[in-house]
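Letters A, B, C, D, E and F mark the chains in the order given here, with residues in each chain numbered from 1 onward.
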Amino acid sequence: MTRILVLNPNSSVGVTRDMDAALDLLRSPGGPAIVCETLSEGPPGIETQQHVESVVLPIARHFADREADAYVIGCFSDPGLALARENLAKPVLGIAESAFHVAIGLGQRFGIVAIKQGSIPRHMRHVRSLGFESRLAGDRPLGVGVTEMSGEGVIDRIVAVGRELRDRDGADVLILGCASMGGYRTAVEDALGLPVVDPTQAAVARAIALLSLGYRKAV
Amino acid sequence: MTRILVLNPNSSVGVTRDMDAALDLLRSPGGPAIVCETLSEGPPGIETQQHVESVVLPIARHFADREADAYVIGCFSDPGLALARENLAKPVLGIAESAFHVAIGLGQRFGIVAIKQGSIPRHMRHVRSLGFESRLAGDRPLGVGVTEMSGEGVIDRIVAVGRELRDRDGADVLILGCASMGGYRTAVEDALGLPVVDPTQAAVARAIALLSLGYRKAV
Amino acid sequence: MTRILVLNPNSSVGVTRDMDAALDLLRSPGGPAIVCETLSEGPPGIETQQHVESVVLPIARHFADREADAYVIGCFSDPGLALARENLAKPVLGIAESAFHVAIGLGQRFGIVAIKQGSIPRHMRHVRSLGFESRLAGDRPLGVGVTEMSGEGVIDRIVAVGRELRDRDGADVLILGCASMGGYRTAVEDALGLPVVDPTQAAVARAIALLSLGYRKAV
Amino acid sequence: MTRILVLNPNSSVGVTRDMDAALDLLRSPGGPAIVCETLSEGPPGIETQQHVESVVLPIARHFADREADAYVIGCFSDPGLALARENLAKPVLGIAESAFHVAIGLGQRFGIVAIKQGSIPRHMRHVRSLGFESRLAGDRPLGVGVTEMSGEGVIDRIVAVGRELRDRDGADVLILGCASMGGYRTAVEDALGLPVVDPTQAAVARAIALLSLGYRKAV
Amino acid sequence: MTRILVLNPNSSVGVTRDMDAALDLLRSPGGPAIVCETLSEGPPGIETQQHVESVVLPIARHFADREADAYVIGCFSDPGLALARENLAKPVLGIAESAFHVAIGLGQRFGIVAIKQGSIPRHMRHVRSLGFESRLAGDRPLGVGVTEMSGEGVIDRIVAVGRELRDRDGADVLILGCASMGGYRTAVEDALGLPVVDPTQAAVARAIALLSLGYRKAV
Amino acid sequence: MTRILVLNPNSSVGVTRDMDAALDLLRSPGGPAIVCETLSEGPPGIETQQHVESVVLPIARHFADREADAYVIGCFSDPGLALARENLAKPVLGIAESAFHVAIGLGQRFGIVAIKQGSIPRHMRHVRSLGFESRLAGDRPLGVGVTEMSGEGVIDRIVAVGRELRDRDGADVLILGCASMGGYRTAVEDALGLPVVDPTQAAVARAIALLSLGYRKAV
């Protein structure tokens, strides 16, 4: 049976559980198994470049020990993507790049709901490296602390930032710039009337597509 | 049961049969039904702009009469795409735009194997309209007549053109610029060592992904 | 005598009359005759993609029946442009593409006064297909109903939108995104101090230039 | 009567005569007078940046002394364009920028037939400054001395370079990168089957269009 | 001893003195001599295109009479740059182009603090001619008269404009769009928390780098 | 005394010695000390992504233990750049990004002499991430084994590839795509008549410039 392994590179099993729940809509009886795992040696959250780099080799080792038909790295910094692609003769997907790919198929110009202001330069370099800069409407930070990332308040804040991206920057599709906000997708879509991309869903959907088409590599 | 309708807008049932065969790899027990139909009132082949425009309203009528969860227009000119999108509250995919979207996920710069020299300006406008011009390596015509589009000779010609795209233009992924060349995909991949995109396969794979992710519109 | 045929593809003779009046500044004793005609079988206004597609073949037939040295399609959706170009060994101009071409010769970055929000994605694809995205400052809708498109109120609204394009988006030239707003051009120029492009005027001026230069095709 | 002044900024009256002859196709009974003049204090040819700069102030003085409705600077380096635009409340056109503007209306990607290899970096900066880099196919030098710029041999050489631009670089429209090659335009078009842009013709045609449309400035 | 000549092309020795002071941070015991000179025949300030053109040949003559290892033209319009480069087999740097080059190494997207609204179109063409348009966040004018360009008020105004560039346009690095604002650099950096580029400093630093690397030409 | 630390992240002291020698031209009596060190725990050469990732944390630790005013990572894959920048409140430069920055100041379009075909996709992503894609002429591999990277044969091969980049791709400046080819720079410049960028020299020159200008961060 075809099997897609989604690795949450932080050690928070709650995040893995949220990702897993958000992927239910991609599961079907005859379809591939979608398995979410936690990198137990990862930090509780990937918030710094030190965190990013600290999980690169562990992600590679984790994947090397598991058979799967495709691999997804469940962090919006796409840590260890190049290495996993070199090591494995299977499709490996990053969730940030996948979100960008899916978003340009849903609207003319996408807006990114970033967690932190400090991530925006990295997003810009990433978007430009794909050649998608003419499709980027804007990138705005939530500006909330990690502890505030649950509860009603978060949805309100995401909606407020999404409204700015829509009304000031001209975005007609939004990306949630984090692995574990998929649970808010529907609420944000309903509030703003725009399609919203959950990066983890985007990456798994791309993995399913690549596998069904018989490609062994992604970029 | 989920159902994707792929319409061949020319009246050649042989072409529909070839498309249908190329889509087998996207069929699975629990997956969506993929149904290929022929626009009987279409011309035998879509070779001119007159042909393109002559099928726009018939495609819309054909779709209006059929229930489906997603619709694919099986011609590399993407005829009637904007109209079908306006009419239907379901994803509608063109195969040319889908080929471009899939190709940029498989390589840095794609090459297009065009049927005719005269199509190249239209391809360029299309690629630029998506903002993908920095990802286009080249576009070269087969320069064979329609009657030569079957038999061994065609594969040789496709491989020769693909080799030019790879070696002169720097393409690392190829697009077959026609709805009915999917049967050659594997042979071309084997001969050139590059991933090859069949546009019809690309469009159906995108339709499946959009449906599973719960999006009702594509662009 | 040289003759340029401008076809209003909607059936509203009032619109044709407005276009005709706006073209007076391009008429001169020894210059080409500029003839405006109405597509009587067209809808009263081209407001949907269904309207656009419904006039493509009628425009082609209309042109086929009339001798002219150049043809202009008088609708900001440029319906039937590719077909007319294939059919006729004469220059055929769309008014939207012509407006973009003229605008980039009058300023660094143009703003589009759109009729409806829903047209903006189409404008973006069109601008990108020409490679002009670095010259687009913004695109903002009037948000008025068709019935409000006459009288004093419209000018006020165009000026208000134009001011946003100038002051927020940095536009230094404006495009009126509709075939029949040419009558407002001078008032808007006076109010905002920017050059304003009437698409129909732009297209006819380009037709005259191409004819005088001896080119038989435009793109 | 409307009057367009075309200034050849080099002192070679033969060049002025050639330009004048090439502009005949833009003259018409009721149309503007097109007057070609020679900058007698200019160098015999504009071949160096020293030549370019040496004519900037003289061009401005020349224009200041003459009434005209529009002004054209007849040298492919567009010397003194910014200054003339500042000084005059009338349209002032450069022939290089005009050639680029006209070419992108005639094909997808233009090729430039340069006189000298050394001009190519300047052309690139100019094309990029207009935002047209995605429309540039190639730029190749004739590599002939000035003394060889007449006679049969030149046409053969232009055609040879144009063929390279068409067949290797994918150009579908050509620009003659010099003020005085207009006489060869038809021969090159016939030999290669592509539209060919003479920059001086392009600039005067743009001037006529701007005047008839009532614009007082170009960029 | 290596020697870099910085020429202030206006005749205001106070400006030269300010430039000279701002360059102190680039002087070191074993390093190149950095000599600032005033073009006595220049206008008091370079405010119009007429001013720009009037100094082109004088700059070239001034440089021809002085031995130096590299030359810097100290005006944000980069007057006479192409000519000086043609004449001299040494690096010649413009301060505007140098500011753009340095800024893209300090942030993702730069904002320009322009003196006058009227300079912005020229800046845009310049930025595009370098291919840096995807790195430009915005360009906003100070809107102060020349006489107001000293005293406390100027800093406040620069900071206010810089804040708009940072907060509305998303700039993460600022350029002071004038040769003589280097004295304000630190105050602006402190107020806004962004790196600020003084163009004259940028050009001299580039000159030092090119010389030490042994290059004889810049572009 | 100011001090720049250049770290060769592979363990080959011969490579470090070559880099050190190529940096002599940036050393001066009063200038910063330029110290080259070897990452003894690195692999003998950085040839795979596994090599790249394996040195990221060691580079960061190496830098953490050494006081310096600026840091350079001496490998054309720029390993560990983001992490070192996060950790250190000092300029940290990658040699690949620095080579791109310096090259666009020396020519219109640069060519890259790559070691291996497999590096080209990474180079493309990097160039696009900086927004420099319109300045890239081409990227061609040497196609020689590591053992062949010394002796006369290598220069001949570099010159042959550089000639292709110049004559086919239109490059007017070349980048040696490796940390240790600086010793060949002069020979290649002499053979081809183009400026040649050694990435390590480029990075150190940028570090010196940033330090002298008082910036604490680079991007």
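Note that a contact is a pair of C-beta atoms (placed from the backbone, for glycine too) under 8 Å apart; a residue touches a chain by one contact, two chains touch by 3 or more.
Remember, it's a predicted structure, so these values are computed and weren't measured experimentally.
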item	value
Third chains touching both subunit B and subunit A	C, F
Contact network partition after subunit D is left out of the picture	one piece
Far-end chain from subunit E, centres as C-alpha averages	B
CA centroid of subunit C to CA centroid of subunit E, Å	42
Averaged-CA centre spacing for the pair subunit E and subunit D, given as whole angstrom	32
Chain centre separation in whole Å, for subunit D relative to subunit C (CA means)	28
Distance between the centres, which are taken as Cα means, of subunit D and subunit A, whole angstrom	52
Sites on subunit F at which at least two other chains make contact	107-108, 121, 125, 128, 130-131, 133-134, 219
Arrangement of touching chains [line / ring / star / complete / other]	other
Complete list of chain pairs which touch one another	A-B, A-C, A-E, A-F, B-C, B-D, B-F, C-D, C-E, D-E, D-F, E-F
Subunit C - residues contacting subunit E, complex	107-109, 134, 170, 172
Complex interface listing, subunit C residues touching subunit D	25-26, 28-31, 101-102, 104-108, 130-132, 134-135, 195, 201-202, 205-206, 208-210, 212-215, 217-219
Subunit E residues within the subunit C interface of the complex	120-121, 124-125, 128, 133, 138
Complex contacts: residues of subunit E adjacent to subunit D	48-50, 52-54, 56-57, 60, 80, 82-83, 85-87, 121-122, 125-126, 128-131, 133, 219
